[in-house]
Amino acid sequence: MGAQPTPGGLLLEAEGLGLERGGRQLFSGIDLRVGQGDLVQIEGANGAGKTSLLRILAGLSRYGFSGAVSRHAPQLFLGHHSAVKGLLTPRENLAWHIAGEAEFSADEIDQALAAVGLYGYEDVPSHALSAGQHRRVNLARLYLSRAPLWLLDEPFTAIDRSGVADLEARLALHLAGGGSVLLTSHQLVAVPHPLLRLDLATGLLQ
Amino acid sequence: MWSLFHKFGSPPWLYRLSGSILRWLLPITVIALVAGAVWGVLFTPPDFRQGNSYRIIYIHVPAAVVALAGYYVMAIAGAVSLIWRMKMADVAMRACAPIGAALTFIALVTGSIWGKPTWGTWWVWDARITSMLILFFLYLGVVALYEAYENKELAAKACAVLSLVGTVNIPIIYKSVDWWYSLHQPASIKFTGGTTIDPSMLYPLLLMIVAFYALFTCALLLNMRAEILQREQRTAWVRRLAAAGESD
Amino acid sequence: MRVAGSAAFCARLLRRQLVLGLRRPVEIGNPLLFFAMVIALFPLGLGPAPDTLAAFAPGILWIVALLSNLLTSEGVFRSDFEDGSLEQLLLAPQPLYLSVLAYVLAQWLLTGFLLGLLSPLFALMLGLETGAIPALASSLLLGTAVLSLVGGIGAALTVGLRRGGMLISLLILPFYMPVLIFGSGAVQAALAGAPAGPYLALLGAMLCLAVALAPFAIAAGLRISVDA
């Protein structure tokens, strides 16, 4: 955390990652180097271990896997759960966000909320919002964060078509600015940017 | 030194080592237990106050001493497991808990049996018995936590944290229970501390304590070997072992 | 945007936890209500004789405080675990030691602290001598802080388990015992006319030890629970 990218622009390196669950080898021999401006999609069938791999890369899973991960840059991880508190308003959720990246001004937060289509919902208690809107509150962090490396677990679930388009535009902007994105998704990612696919079954990156 | 440490992490190596240790430790343990028990029961004088009933200390005291030491063995294994992520330390820690709980239970039961002729009641909230009861709870807590986790590797890590918390707390618990007892102690039952023990009674007791340590080690190794075989049942070396029908 | 210092982050986290607690006032009232109800059970079980009740009052008050703390400790991390906040906290570029301390402090302020302040009321219900009330309140204030820290360890280790409620009591109650001994000891000393100071000093020493060490155990427990 907080480390600088290596001179080669590497943000994340993983070597020989393997995971066994319940006596079954989910994946093995995964080598991955994520540099600035890389877009990597982790692919695999249901239960192939996409989320597990992402959690290992993020540093949430620390036990039970083989191989090594080194992180060279601050990262932003968005998981299955939105980490949105129903008792707080979207504005409070972001201002007091538990990820503790930085302190954001009210303007920055309102702009981010507007960018995810939540203009007018800033002060509504979040429990009155829908599941898709919770996802959007969470995605608003993408407009606030300065972390160069994003790890996104199924970012496109539970958001509508215009939300998907907005998100893809945001990803493209981040990549163009030298940031990197690692994501899991079942659908095709329509971002005008070279896409690397990591196939969990074969461990090949192409 | 470091390479030896790495060897401990290797299941087949540990399995073979424990096998060769057990081959001589097991007979020694049995001999020491029998010798200590016979010596303590037949060849020591009766206590002038308690008569023959005191002889239960030859089981009670060693069980209590080794039960407490066992908790620290478990915690050290837990620390190794947390710091160096050594899977064999998980196995050792997991093997300690039921043995320690059993020893604590033996100490409690023998203490209770001893209490009947001494104090006229099966249970007295005496400092030593109360501490032993709390230690029993601590062991059972570790077992319960291990069983509650589905992922056994994480179960071991969680138990390691719990047993480390326990090592910090056990001295506090023991001291506070001692202190609590001395505050509330009824004048008629003054038994703990201060009593000297005759050498003729002490030596068999020391022998029994050593024998119980050996018993603990044997039980630990046997338990670990069973766990290693279960964990490694799919590997080639266990298959070869099963095919050869060997026991070591 | 400013990079958040760890002290500022902790203050923010504390505020967040307190706001979350205050927006659901019933949750704050429940442990106090539990306390009052269990206290009411004792005259029913032991008989209403004022002498008996007053003699048992220090023990009763402390045991009930311990149980109510146990019940609230269980949920410290529960909702944050379920909605994914906890994994974000573990990834935060902030010292987890301080963050965990902020959590426990918020929990204590909303439970043990209030309980300590309201304890004179319950003490009067049981007929505790008024002279012992300062000792009761101060021992509860110090002691429940230790209980919250130790309870946090149990909560962190069991938060990922489906049925953690019973388990946490098995894990944590043995560690509560020294606090119970010295907490009720302080009140009994005050009843006997002896100074309660030494007992409070011991509770304070335990608090220092718990503040120094418990957050590490809680942090380790949270990492294990989030891993599962």
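Structure notes:
All chains are identified by letter, namely A, B and C, in their written order; residue positions are counted from 1 within each chain.
Definition applied: a residue touches a chain if its C-beta (ideal position, glycine included) is under 8 Å from a C-beta of that chain, and two chains touch if they have at least 3 such contacts.
Here the structure is a predicted model, which means the values were calculated and not measured.
Inter-chain contacts peak for the pair A-C, counting C-beta pairs in contact. Among the chains present, the centre nearest to the common Cα mean is that of C. Taking the mean of the C-alpha atoms as each chain's centre, subunit A and subunit B sit 48 Å apart.
Measuring from the averaged C-alpha position of subunit B to that of subunit C gives a distance of 32 Å. Distance from the subunit A centre to the subunit C centre is 36 Å, each centre being the mean of its Cα atoms. Counting partner chains per residue, subunit C shows two or more touched chains at residues 224, 227.
Among the residues of subunit B, those touching two or more other chains are numbered 151, 154, 157. Residue positions of subunit A touching 2 or more other chains, listed in rising order: 63-64. The part of subunit B that touches subunit A in the complex is made up of residues 85, 151, 153-154, 157, 234. Interface of subunit A with subunit B (complex): residues 23, 63-64.
Every residue of subunit C that touches subunit A in the complex is listed here, in rising order: 1-4, 8-9, 12-13, 15-16, 19-20, 23-24, 79-80, 82-85, 87-94, 99, 223-224, 226-227. Residues 1-2, 58-64, 74-75, 77, 79-85, 87-88, 92, 96-105, 108, 144, 146 of subunit A are the ones that touch subunit C when the two sit in their complex.
On the subunit B side of its complex with subunit C, the touching residues are 82, 134, 137-138, 140-141, 144-145, 148-151, 154, 157-158, 161-162, 164-166, 168-169, 172-173, 176-177, 179-180, 183.
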